[in-house]
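In what follows, a single structure is set out as structure tokens and then discussed.
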């Protein structure tokens, strides 16, 4: 069990709802993942044409089954947009949680640290629980904390790239310097081993989407990630051995029969 | 009067409420979020909040997100 | 379910029995790991002094609980020693399985590819199911297969180092070139993320010891590895996305409200 | 006669069997593997197999291994 | 030949003047390095006691021999300090060049991107040629350019760590997105191979100090770096082959004598 | 100056003669590289047609200008072939030097350690100075030394791949365990930074071909490598600083003016 | 009057100039940079610029830097 | 007589020497290495060494190599 904001959760996996081949696959994947938090978005409704088809199934399912919805401000690239999107999402989804994403470059989808901190400050003052998407930069993370964030979400690598944790030392430094902050690796997780590693480093959770949605078998991959975060967290709590640059025999070398001694001649 | 809805021009009766607009556009049973001129409109005010000539309306619905 | 030799197993984790703080911790760790194969060794009995204490509990437990014992030739550094140790182990443990380890350097504990291949050839002819500890060298692995091995166990990194998979491309090459061979990563696994990665690459299983035995809480770490191998295998079967050097938005960019378009001006 | 057991010199009756040696050394209830002069001795022959002056005996027992 | 600010230089190595075992070693090291730009600092003069000894030799040498001095704002952790230090340095060293360093964390010595951008904006307006020390964050670098910088100096890794280039993809992204900006890798260079790599990636130059000053033989190491930046730059200009994940024979395989064909049977 | 076999050389770069766009480019590249050893091969002469054209210019140049020729056994995949090719090369090129290459896999172009050691043993007995192409495997290298080799040439990465040094720890281990042996990194060098790194690790030299031949401007790239090996060797001799996981200020922090102390409040 | 110089208290004549202060402290032949109350003082004004009671003076000199 | 040269069949006079063969094939001014039946033939013996029916000859020349 762990806490995010004021809620207590079992699963350390947060999952996105985009890019699945169908609403049915989305649904079985979320169930298989064990995730209690599902990210969502708001977009222009093209009501007149195709209302209440595919997407409404999506929404009906999420509304009734996802324990917590986490709306995002995906696609925003200014403070104003992000704040407005957050306000609309709060009203619509009836939650003060917001995944704050202010993009600084349309190609790399990197966060803009300046706009993210400013938007976080405004939203925290307005009572939001802000989940800011940011880089692994410690100073930026500290500014987000100063701005009122109790949660910080550094990327592992670029959104949707599946590269895993690119800058491990920087993530470790973040964890070490912000012991009281909930740290969630968001973006770039491609495989369960990446998720396990994030948890092993002491991160509280991971948020991912593409790695499950674009797997050949998304529900099975969702289950894989469920196990991976359990593995990573248990390893963190179990206190892993230190890696060493040298070999160390696992089988004891005492009591060797004589032919071993001989062969070393 | 003429307003902008999601980027298209729409003709309505004068001083229509948001609720009225949503009915006119066929959204009545759907859950949506609405912004007028880039300001958030709380859902519980949809019945009272009336629109003016040239208002820019965004009607948003939940969507998949990562 | 998967096959190793002629046996069908559920767990893709093979676990060593050495370096635990106590026989009790060994026992609860093996149970928590879900492993069905446990490695053991033979050593000079110092009978007269302390017979039937600690170590006999160890042995009584393993004999009654481990589904399969895998004796090793740890500490051998010549063909002759390894073959003799294998023969003694077969007689004693009543199994034709042998983890063949012929060490080429006492400091790095690297396998000696020449002696390992020669010993494997002799043991395969004598009817052993040989589990050879080797490097990631493809040519050496092919010689082991020629010698009669159905299983090849490349190291991840030096024994007991906990560095994980040092030479990922070489391991991938091994997997690609030996599709019909059972490949088990042996040695160097330090954390669940390493084990998950090995399975994600298509390796059939991992064998580890130190990572569990030297954790602060070995049974919890054993459970972590149990989840990690499930995660890695499911990911392999689920068909992971390809990693990309570029970012790709997960939230769709269609239906953006007007303020998004504005901000890009 | 004098033989080597696990690196130490041991005095036994002549032509002692392995079983006899194990009894003499106090191993009777323990499971062990035995090699004579670096050759494996199958367990079922412990009762018959007798030793000779100067034989080098290794008595091995199961141990933890990685 | 390349340009930095309005000056045309031959050497792509910028060198620091700190941490040398003696002023003599500093002097021979600078000469051996071929560097035309040397960084300096301003500190409280403890005049009354030991004025005009050791340190004045240092200063006399630099004044007469260094082609360009680049004063730094090392140790500053606020905009105000950095601006004042820059103003004092301009007056004293009679140069409008300033290496802008605003530290955000005393342990990691990371730059504070917020304060660095703000100080850069002020100093650019006051006519300084600002050499800002920053991370590899593209968005921060773009803000520095917006603030008026023509030069950006991303770190390779933490100051004095000697780890080399930790985040190669991010540095490549920086180079690709800022084609018109002079990019100098500052901090973290530990070996000539690191410097060569920075130049191979298209960076214009490297700035280093500790790697030379703390070598066992600083002048020889300085010479090593002189060759390394030449090597790296020539390689960049010569257009390196693409690395490939596969092997390609270098010796042609045509005209093989018959025994080669046989052996493949 | 360093020794290889019984010869004393200045340049630590050995260069291949294949894959250049033209004999002229080959010639200027060799000159620009400063290399004193050039590798060559023997192949079926298609005499009647095109004798004495392109290739004879190649040969005339090499004969008169290369200080030392190093014939190879490229393309051989058995002991017999390699030995015969070496004998023909000795007779033809009038040198007892032979680059021994026995390929174990046609796709990966990995050396076959078994055949390489056996061929090396035969050739050393016949009085050859054997330059064996091998992996980074320490045990295999030790067998080569036992077989009579005074030189060992581990690969950096697969031939022609340009990936550089894939297994740095293993190469370091090789250097540490074989202090008296001439170690040359052969294969996989793609950029000057790779060559510099090999020399920094204490390797005696590098042998490369594709990285120069396939550069857009081969003579300039050859010059780049000339500088890189000088840089790497000087760095090795100069005693590089140890890399550290932490930051260390280069500018001293003594004598800070008061505003620095203030800002830390 | 009493001023602060590089963190220490110093007694000077009233309205001393920077040049005077540097002479008094023995810096006359050395090149230094000077800040009064955290403002930069251009070197060419050292002769005219006079100090006041309680001023905080920093005298800085060139040093090695990375 | 008929021999194999670099994989092709060639007709020569009986007991031709290597030197003779090289002349016949037009190699006289070129430096080559020669193997007969997968054995190396030292260059100084080209003039004496004569060939037999069905010999397999390889004529090799220097080439670029990596």
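The letters A, B, C, D, E, F, G and H name the chains in turn, as written, and every chain counts its residues from 1.
Operating definition for what follows: contacts are C-beta pairs under 8 Å (C-beta built on N, C-alpha and C of every residue); 3 or more make two chains touch, one makes a residue touch a chain.
This structure is a prediction, so every number in the text was calculated from the model and none was measured.
Visitor: Going by the touch criterion stated earlier, list every chain that contacts subunit A and also contacts subunit D.
Guide: C
Visitor: I want to compare two interfaces, E-H and A-B. Which one has more contacting C-beta pairs?
Guide: A-B
Visitor: Comparing residue numbers, which of C-D, E-H or A-B shares more than half of the contact pairs of A-D?
Guide: E-H
Visitor: Counting only C-alpha atoms to place each centre, which chain is farthest from subunit E?
Guide: When every chain centre is compared against subunit E, the largest gap points to D.
Visitor: Based only on mean CA positions, could you tell me how far subunit A sits from subunit E in angstrom?
Guide: 35
Visitor: If you average the CA atoms of subunit E and of subunit F, how far apart do the two points sit, in angstrom?
Guide: 30
Visitor: Just curious, how far off is subunit G from subunit F if you go by their C-alpha centres, in Å?
Guide: The answer is 62 Å.
Visitor: Counting only residues that touch at least 2 other chains, which ones in subunit G make the list?
Guide: 6-7, 35, 38, 58, 60, 63-66
Visitor: Could you tell me which residues belong to subunit C and also touch two or more other chains?
Guide: 16, 18-19, 41, 43-46, 72, 74, 80, 84, 108, 110, 159-160, 169, 209-210, 245, 249-252, 255, 257, 259
Visitor: According to the definition already given, which pairs of chains are in contact?
Guide: A-B, A-C, A-D, A-E, B-C, C-D, C-F, E-F, E-G, E-H, F-G, F-H
Visitor: Can you tell me which positions in subunit G touch subunit F when the two form their complex?
Guide: Going by the criterion above, the answer is residues 6-7, 35, 38, 56, 58, 60, 63-66.
Visitor: Under the stated contact criterion, what part of subunit F meets subunit E in this complex?
Guide: 16, 18-19, 41, 43-46, 72, 74-78, 80-81, 84-85, 106-110, 158-164, 190-194, 196-197, 200, 209-211, 213-218, 220-221, 223-228, 230-235, 237-257, 259-260, 263-264
Visitor: Using the touch definition up top, name the residues of subunit H that touch subunit F in the complex.
Guide: Residues of subunit H touching subunit F: 6-7, 25-27, 29-35, 38-43, 58-66.
Visitor: Can you list the subunit F residues touching subunit G in their complex?
Guide: Answer in residue numbers: 249-252, 255, 257-259.
Visitor: Can you tell me which positions in subunit F touch subunit H when the two form their complex?
Guide: Touching subunit H: residues 16-20, 26, 39-48, 51-52, 55-56, 58-59, 62, 71-72, 74, 80, 84, 87-89, 91-93, 159-160, 209-210 of subunit F.
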